[in-house]
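So, here come the structures, one by one.
Presented sequentially are two complexes of chain A, the first with chain B as partner and the second with chain C.
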Partner chain A sequence: MAVFADLNINYTDDKKQLRDIIETAAHLGYSTVAINHLIDLQPKKQEIRKPASVDELFRQLPVVQGKSRPIKVLNRLTLGVSDASHFRPSADLKYYDLVAVVPKTEKLFHAACMTFDVDIICITVTEKQPFFFKRPPVNGAIDRGVFFEITYTPAIKDSTMRRYTISNALSLMQTCKGKNVIISSGAEKPLDLRGPYDISNLGLVFGLSEGDAKAAVSTNCRATLLHAETRKTALGVIHTIKKTQTVEEDQEQEAPASKRAKTKHV
Partner chain B sequence: MVRFKSRYLLCEVRMSDPPSLQLLDDRSVFTALRNAVSRAHGDYGAGVCGLSFAVKYLNARTGVLFLRCRKSHYRLIWSALPFVSSLESRGQRLPCAVDCLHVGGTIRTCQKFLIRYNARQIQRLLPQCRSEEECVEVRRAVMSCSLKELEEEEEEEDEERGEVSAGQ
Partner chain C sequence: EEPASYERLVLKNASVYHYLRISLVFQDSDKRLSEAQFKQLIISALRDLYGEIGAAFPFDVLKFEENTLKAIIRVLSSGLVKLWSALTLLGSYQNEPCAFRIIQVSPLLLALSGNSRDFE
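The block that comes next holds the complex of A and B.
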């Protein structure tokens, strides 16, 4: 059985709130959650902060419902892009486990699907989609293993947002035919979260088939994480890590390609 | 004669402060759910709700909820459940969330699931017990749980849960 993941929990400075949300997620049966840091890329200098470490939040991570393992907490960065030139791969992205992008125009959507080195493309759900999803970029994204994300918290909060969410989701499904879609919460409060089975059922409203809807909260999320993992490696084959035993010489070590790729725990 | 087949949804009502669960009653939950379905699915949803949709059981202490609906339309009703964000009870508006834990064909399978679920719940809470006696007490409650003495045991269990969560 696949494990469930929620790859979008909004970051708040309120530690207690964040802790509550993650505990609720564990209670509902999510095995992996990602804390989302939202940054709007400006033409001028913008800084990407290093995310706070998870150890600061918890002394002991809560145990997942129905499993004996503790919940896995990741960091995710979402970039709001309004011009293609603003997005450039920088070393700062390495601090995050996942990188997502919110394209504002059709041109950017095309660029995000075809060239940007990201894992997730967010679909706006709070307003009407200003452009149609075209077949070529969407197919390109599917080939590259980039996923489209739909968040459901705005839909829960407000009736108008729900209409936008449903119509944007349906228009996406028309083009991608239910492939490469993930559904995540975007929760700001513990009460915004819903159980994974409820969400996979909600996927039916968004135009997904039963199997695709379940995959949207389980296997597709796992595929996203694996895709993110390959970003840190060279074509997903070679992974370099720093040796920590010797303090003086921090030399990078390369392992035998085939072995490292297999043994590297994801 | 063929009987009408139903689906029973075993749900849990979550609130930010558990004591306010006591304010819930069947009627308020039913109205909130019916409104949610008709908001999500329009007149058709409201029509479906009129047919054999009912709140069979509500435990105001744990927030456990049994819903019954026709087998042919349970997905429609289920898909509206995530949109319930508040319940109105005794003139108060309570923010809440409704999660479905289990879907069963009979109320009995749901009951069985609930017992297993509650037992697991206590096991999750065990590491948070502070003293040894507390652990032993909770474990005894888990072990003595059986389907025969369902009613009393569930009551007892609820109290245990309340104690443990209060003791955190």
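The block that comes next holds the complex of A and C.
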């Protein structure tokens, strides 16, 4: 079973608030959270700062409910792009575990899906989607392993935003058929967070199937994180774990008598 | 000899109701509301998301603890997704931020008598 993750918690300078949110996330059962730093790429270049280390925030990370393991906190950078030339791979991106992009026009959405070296493409939920999701870029993004993100906090706060969230989500689902979608909070307060099972239920409202809805808070988030890791390497990542080896002799003795006799003959 | 006859059995989750144990959380913990207000809050959450038809959806508050704001709700299984999503998207009560925490969901009321996640 994959563990749950919430890949969008808004960064605030208020450290206590941020701690409260992460503690609430751990209590609700999220094993991984990502602190989101939002930067709008302007014509005049804005500095991409190095994110504050997580150790500064916590002396001891809160324990995830039901897992007895500390929560994993990552840093994520979200770039608001209004012109394709503003996005260029820079060394500053390597400070962040995840890189997301908010495309503002259809042309940029196409570029983000097909060429940008990012992990997440954010779907606007605060206004009506200004363009249609076309099949080719969405399929291109799915092939490249880039994920589409829907945030749900605006839907909690305001009924108009809720309408936009649901309608934009539904139109995305029509094109991507529930593949490569992640749902995250975008929380600014502890009360904006909802439990992982609540969100997988909410996915049903967004037009996902039951399996896809659960994947949107668990396995897809894991895939996003692995995709982010491959960005820093040449080709891919391999995780190895130590496996206890069984003794060969024991197995031979456990084999049935008929089989043992046969091997002796040969 | 007659060939063995097979009977096809299809088992579905036939329970009519689902039960939810929920708790209402406020930013400041000393907020009080009565059982009627609590039910009205859920109905208004349903109306916000699903309109008048959603607000007319039958559900019962079986138990409500006023001092902890915890409740057990019974809902027809067909409306579970609607009720649950309405609770999820509720964000405020009388302009005060709040959130519903769904603690347990089960088709059997007995299952709510204990919670394996509280075990030490």
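We take it that the second predicted complex is superposed on the first by the 236 of 266 C-alpha atoms of A that agree within 3 Å, B and C clash if a C-alpha of one lies under 4 Å from a C-alpha of the other, contacts with A are read in each partner's own complex, and residues count from 1 in each chain.
Rule of thumb we're sticking to: a residue touches a chain if its C-beta (ideal position, glycine included) is under 8 Å from a C-beta of that chain, and two chains touch if they have at least 3 such contacts.
What you are looking at is a predicted structure, and each value in this text was computed from that prediction instead of being measured.
**Student:** Determine, for the superposed arrangement built on chain A, whether chain B and chain C clash or fit.
**Tutor:** clash
**Student:** In the overlaid three-chain picture, which partner chain does A:V63 touch, first (chain B) or second (chain C), both, or neither?
**Tutor:** first
**Student:** Just checking: does A:Y197 make contact with chain B only, chain C only, both, or neither of them? Give me first, second, both or neither.
**Tutor:** A:Y197 contacts both chain B and chain C.
**Student:** Just to be sure I read the superposition right, which of the two partners does A:K157 touch: chain B = first, chain C = second, or both, or neither?
**Tutor:** In the superposed model, A:K157 contacts both chain B and chain C.
**Student:** Which parts of chain A are in contact with chain B and also with chain C?
**Tutor:** 28, 65-66, 152, 155-157, 159, 162, 189, 191-195, 197-199, 201-202, 204-205
**Student:** Applying the document's contact rule, which stretches of chain B touch chain A when the two form their complex?
**Tutor:** On the chain B side, the touching residues are 14-16, 39-40, 75, 78-79, 81-83, 85, 95-97, 99-101, 120, 124, 127.
**Student:** Taking the complex as given, what residues does chain A use to touch chain B?
**Tutor:** 24, 28, 63, 65-66, 152, 155-157, 159, 162, 189-195, 197-199, 201-202, 204-205
**Student:** Along chain A, where are the residues that touch chain C in the complex?
**Tutor:** My answer: residues 28, 65-66, 152, 155-157, 159, 162, 189, 191-195, 197-199, 201-202, 204-205.
**Student:** For chain C, which residues count as touching chain A in their complex?
**Tutor:** Within the complex, chain C contacts chain A at residues 25, 27, 48-49, 81, 84-85, 87-91, 97-99, 101-102, 105, 117.
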